[in-house]
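Step one of this worksheet: look at the structure below.
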Amino acid sequence: MSEIFEGLSTAVLEGDSKKSVKFVEKALKQDITPQEILDKGLIVGMAEVGVRFKRGDMFVPEVLMSAEAMAAGMDLIRPLLIETGAKLVGKILMGTVKGDLHDIGKNLVSMMCEGNGFEIIDIGFNAEPEKFIAGIKKHQPNIVGMSAMLTTTMRSMGHTIKAIEEAGLRDQVKVIVGGAPVDKEFSERIGADGYGSNAPSGAELALQLVGAA
Amino acid sequence: MSEILSEISTCVIEGNVDDIEELTQDALEEGLSAEEILDKGLMPGMDHVGVEFKAGNMFVPEVLRSARVMHGSMEILRPLLTASDVKMTGKLLIGTVKGDLHDIGKNLVGMMCEGAGFEIKDLGKDIAPDEFVEAVKEFEPDVVGMSALLTTTMRSMGHTIKALEEAGVRDKVKVIIGGAPVTQSFAEQIGADGYASNAAAAAEMAKKFVS
Amino acid sequence: MRTNYKVNSGTRFRMLSEDQLEELFNGVLHVLENIGLEVHHEESREILKKAGAWVDGLHVRIPSYMVRRALDMAPRSFTLYARDGNPANNIHIGPGRAHFGPGPTCPNFIDVETMERRPYLKSDVPLVARMVDALPNIDFCESLGTVNDVHHELGALYEFAGMFPNTSKPIVAWSYDWDDSAAIHEIAITEAGGQEAFERRPNYVHYCEPLSPLVSTFEALDKLIFAARHRVPLIFTPCPIAGGTAPITPAGIVIQGAAESWMGLVIAQTIQPGLPFFMGGVYSVMDMNAMILSYGAPELSLMMAGITELAHYVGLPLWQTGGCTDSKTFDEQAIIEGSLSVFFSALTGGDMTHDVGYTESAMTGSVFQLAAMDEAIGYSRRITRGIEVNEDTLAVNVINDVGPNGHYLKHEHTRRYYKNEFWYPNVCDRTDYETWDMMGRTTMKDRVVSRVNDILASHQPSPIKPETEKVIKKVLEEAEERVKDHD
Amino acid sequence: MQVLKNNYLVNATPTFEVLSEDEIEAIYFAALRVLHETGVRVYEKEGVEVAYSGGAIVEDTTDDSSLVKMPPWMVDRALATLPRKVVVYGPDRNNRMELFKNQIYFGAGSDTPFTIDPYTSKRRRATYQDVKNFARVAQTLPNIDFHMSLGIVQDTAVGTYDRWQYLAMLEGTTKPINITAVDLDGVRDQLEMAYIRLGGKEEWKKGPIFSLYIEPVSPLSHSEEVVQKLLFASDNDIPFVYTPCPLSGATAPSTLAGTAVQALTESLFGIVLSQLRKPGAQVIIGGLMSNMDMKTAVYCYGSPEMALLSAAYTQITKWLGVPEYETAGCSDAKMFDEQAAMEATINISTAALIGGNMIHDVGYIEQGLTSSMEMMVASDEIIDMVKRIMRGIPVNDDTKALDVMEDIGPGGHYLEHDHTYNRFRTEIWRPKMIDRQVYENWELSGSKTYRQRVHERTIEILETETEPILDEAMYKELRRICELADERHKDEELDVDMFS
């Protein structure tokens, strides 16, 4: 049993999606609970990935491959987790705000979060406040992530948060913001719940906010 | 003070080699003494050059020009000065020690000191201790300057100082040494009177020793 | 399928045109044939005379046919070998290949513990050699100083004895005289497995230095003859100072410096046809106010580029200069000046660039400067590697796959290329501000210091043969014996 | 009599080359293929119209954008009317930039959210006063030829900061300015300000006093504002820089060649659209091409790939005959330290050697998020050093100095020779902050590091009183435009104060 977890976490660490799926299936056959598969296998692997990346021993493309392997495994167990009513890591609604087409930062954070077991709903770039609100109503995310690359579009973050409040949804979600010109002070001024200075720290922040880290 | 003296100063400062002899002659004809020309014309000019050089506003080739101007005038004045046995700034004997053919540093020091008003005798390079001794006896300098650029040839500075002692002329002269590998502690170790880290410093030190 | 398709393997840099190089070349021949040099070595004058030179006292003039013949005999391409046979540490001298290493004979050293400037000591030698052995972009070894705490005639020998066991990268050795050279050579051939084996796989290069303007000293030529007779690859390069010991104009200093090297070339090739021979040296300006030979001046890079191209024009390898500074401390000036000369050395492909790690105008050696320049060399080498252009790198299909507004982070093409296409720094910081702030706001200096300490704490060079250790002990004893009554 | 040389080629400067001509062509034709087969996304209806009526294929139209594909002949036609030389003047017409083939001009970068306070050395949001101070520093530095803001003014209204930035620069410098604009209205206002500065709209026709920075988004996407600015600039004879910032490995292929192909595709779209709108519209292309550091996921401003790609791209633009917008004098370091010194020294060298016409981003640190006056002041000296090397090695009877060598002879010295005396001031480069004293004198003068000397020089520049460039009346008139803009756009602002 322990070797299944080990095989799974290694598969994630090596970014081998096929293997990861294989091990998850194997685990399920042996009636290991999805919760265990998640906690003792997938998350263990990703945690190690996080450590190595911080140390500079892993490169972004490798991390993303691991994230893929993790997500591949997650896809198999997510429905089961929902059935058993087990606690999922969480859902994040991601978007680059109105007026901004700079998408790469948001994409990077999304993939990193996915790698941490989150379910990602990506509403793309140049997203109007309304689009965020519709997304929240539809998907009931735990977290809303917003990205902006320009000081002018940074304002849209404020506008969006305001719109979420006016829609009476603010207390249902945590809001995290990021992007080159954004900093902690600004995130507080517009009433966001958190700020990530880079993709990995954005993912970590998300985990903290859902109490998974 | 006389117009012509300030012209001489300017002539020195501007490194105007062509006019200096005529100016010196004119000054003498005007009845100025060689000593006045030296003290009130040439030296103020060279002092100014020294200050400007230190401040980084003048450069070696210009300083050497000024030194040459000074030299040109001294050629005329020196016999008169010795005749009226006026004490000149001093005499400097200089050479690169045995085994060493690097003499760019030594040349710089020589020219800087000349600019400072010294009478220079340059023995050249690869100079053996006894050659120094002979020259000291003959030229009777106030200061002996030695230069070496190699750690090996540094040693012959020590040998030369020994030789000066043995010849009993060591106390007649001050010895200044310099060169890339030379340090203050080495200077003390071999019993030199001073070490200079660069040509300008050497000239200043030489001046101190004779004043 | 393409045809008539030319690519640049690496970048292409040219300071001078063919016509300008030809004119400089003829200038050098003119100096050797009509102005001539002082040769303070009787045997050399004899050799030259026999070979057809005009000798008048110390003064020697060399007809240009002799020079051309010597140039023809000297090889453009050869290999210097790692003493332990580690192919990664071999140096292949040849067109377009730039190598880097420290310089010798600084009186002072930056103490690794205190970071203070103090006289260079015997104990610093192994430390420098181990740094050289560990740094990925440093290719050959010199000592970065003159040992002050041994007998003054044995500094060079103790340096070699200290370097040889502590790096397997080829060493550039200097010496005081013939006996000194002989002692060094004995160590090297023992490791190589005898004289004949050494001649096939030389593990060190012999350095000697003529004097500007236009003088060959006794020691320089005596050592040159030793090297030539024993087939030790030879560096015979002056250190002309523009405006001091050479014309102030770059064209003039290049001509004079080349003439000074080629005097040695003619003697060396006459004694030992085909002897590997480096021309070059340190060509720079005198700062006309500070009165120092500047090791950081832009003119250094300018003049060295000129002499490098002249050397390659006549088919000789070049002894380049770079990675050095006039700064008295490890600061931005040291890195600006060092990086500038390192980068231009890399551009010109000067075959061996020395004096990496010199500070204070060659008065003080610093392994910190050396480690920082290792980074600058890696940086420069990424640039001179150039850009590869082919169907796969043009990536038209990849761009089409990804399309507008997509991203390449997960594309298979990215996964294939990101490691080799991009350079990854050792002591440069690329974190975001918050991370840098959190990690203690380090400067490059801080990171260089810790890298140096890490290397010195961990790196172990490959050992030398036991018999070589014995020989080292023996030659040092003999040498001490030899000089004990010299003071 | 003197016989002159003929059939004699001279390198008056060093020559430097990254790509062979065949490689340049390979990249160009690859870009034509991408523009034709992959196409670019355009988020502006009028732009799509212009392209379509000019012969482009328009597909996959959504409510906000269309996919636009252009056959190669459209590019050829556009290049035929594209000016090969662009001239930009300083506000008082005393300075000018002649952007073509081998001309080199260095200048700052723009719009960094943060700056290093020159007095406290702390990192903080940039203000109007910072931008004005940077302009004054640029005005003082001899090797800075044009200017950009080096900071986003963040103590005014956010939606109209661009007008205030321009005003701050006009207060500080008379060197040519490359402006940025938040949107089309921002360009209109700044053009209005330029007319006022010039004393009338007609004056602009004699030559523009700013160029406009326009940045499409990689990969292959051209937003509404971007296209609107492009069309407006073409209509109003404003030279504009059309420069994508592809990030190799993230928003562009991880091969440098592939990144060049994509960037060229993006720029070529701008060229074609501008020439369709107005034949002869003045375009400068190029910009910032770099790689993502795969260990930290940041956009490198100091990487060798940045220097190398910019150099390669410059060769492509020379081959096309379009003025180039190069990048140098920037770093990933978080402060002006040894790393910043290394990165700036080498990327300034490559930019100068390859001859990128308008070399920007001098003064950038921290991946272009922060500006540093010390970085700018130090870069000025680095540029000066590199320019000495750029003078090359003249070879003639005078510089060969064979007769001088004969005079001096073996063992002599050149210190006193006329050949030295007459040339040392021009032959030997003189440092400003670089120190060459012997150790003892350096100690006597306080054992200062280069950073300390740069800091002192920076403060000295800031505290040197200078005549105001704008008279009171002119200043009021220009300021009025900014205030009117604030008024017009006030409801876009957040009710919270964003920065201070």
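Here the chain labels run A, B, C and D in written order, and each chain numbers its own residues starting at 1.
Just so it is clear, a residue touches a chain if its C-beta (ideal position, glycine included) is under 8 Å from a C-beta of that chain, and two chains touch if they have at least 3 such contacts.
Every value quoted in this text rests on a predicted model; they were computed, and no experiment measured them.
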Farthest-lying chain, centroid of Cα atoms versus that of subunit D: B
Of C-D and B-D, whichever chain pair has more C-beta contact pairs: C-D
Separation of subunit A from subunit D, taking each centre as the mean of its C-alpha atoms, in whole Å: 38
Euclidean distance of C-alpha centroids - subunit B vs subunit D, Å: 54
Averaged-CA centre spacing for the pair subunit B and subunit A, given as whole angstrom: 80
In subunit A, residues with contacts to at least two other chains: 59-61, 101, 103-104, 108, 198
For subunit C, residues that touch 2 or more chains besides their own: 211, 215, 243-245, 286, 288-292, 363, 405, 407, 409, 414, 418-419, 432-433, 435
Residue list for subunit D, restricted to those that touch at least two other chains: 217, 221, 249-251, 294-296, 298, 369, 411, 413, 415, 420, 424, 438-439, 441
Overall pattern in which the protein chains touch one another (line/ring/star/complete/other): other
Each pair of chains that touches, named by its two labels: A-C, A-D, B-C, B-D, C-D
Interface residues, subunit C side, partner subunit A - complex: 405, 407, 409-410, 414-415, 418-419, 432-435
Footprint of subunit B on subunit C - complex, ascending: 40, 105, 107, 119, 146, 152-153, 155, 176, 211, 215, 217, 241, 243-245, 286, 288-292, 363, 487
Parts of subunit A lying in touch with subunit C, wherever the complex brings them together: 59-61, 64-65, 68, 101, 103-104, 107-108, 111, 125, 184, 197-198, 201
Contact set on subunit A toward subunit D in their complex: 53, 56, 58-61, 101-104, 108, 126, 151-152, 154-155, 158-159, 162, 180-181, 186, 189-191, 198-200
Complex contacts: residues of subunit B adjacent to subunit C: 53, 56, 58-61, 101-102, 104, 108, 151-152, 154-155, 158, 180-181, 183, 198-200
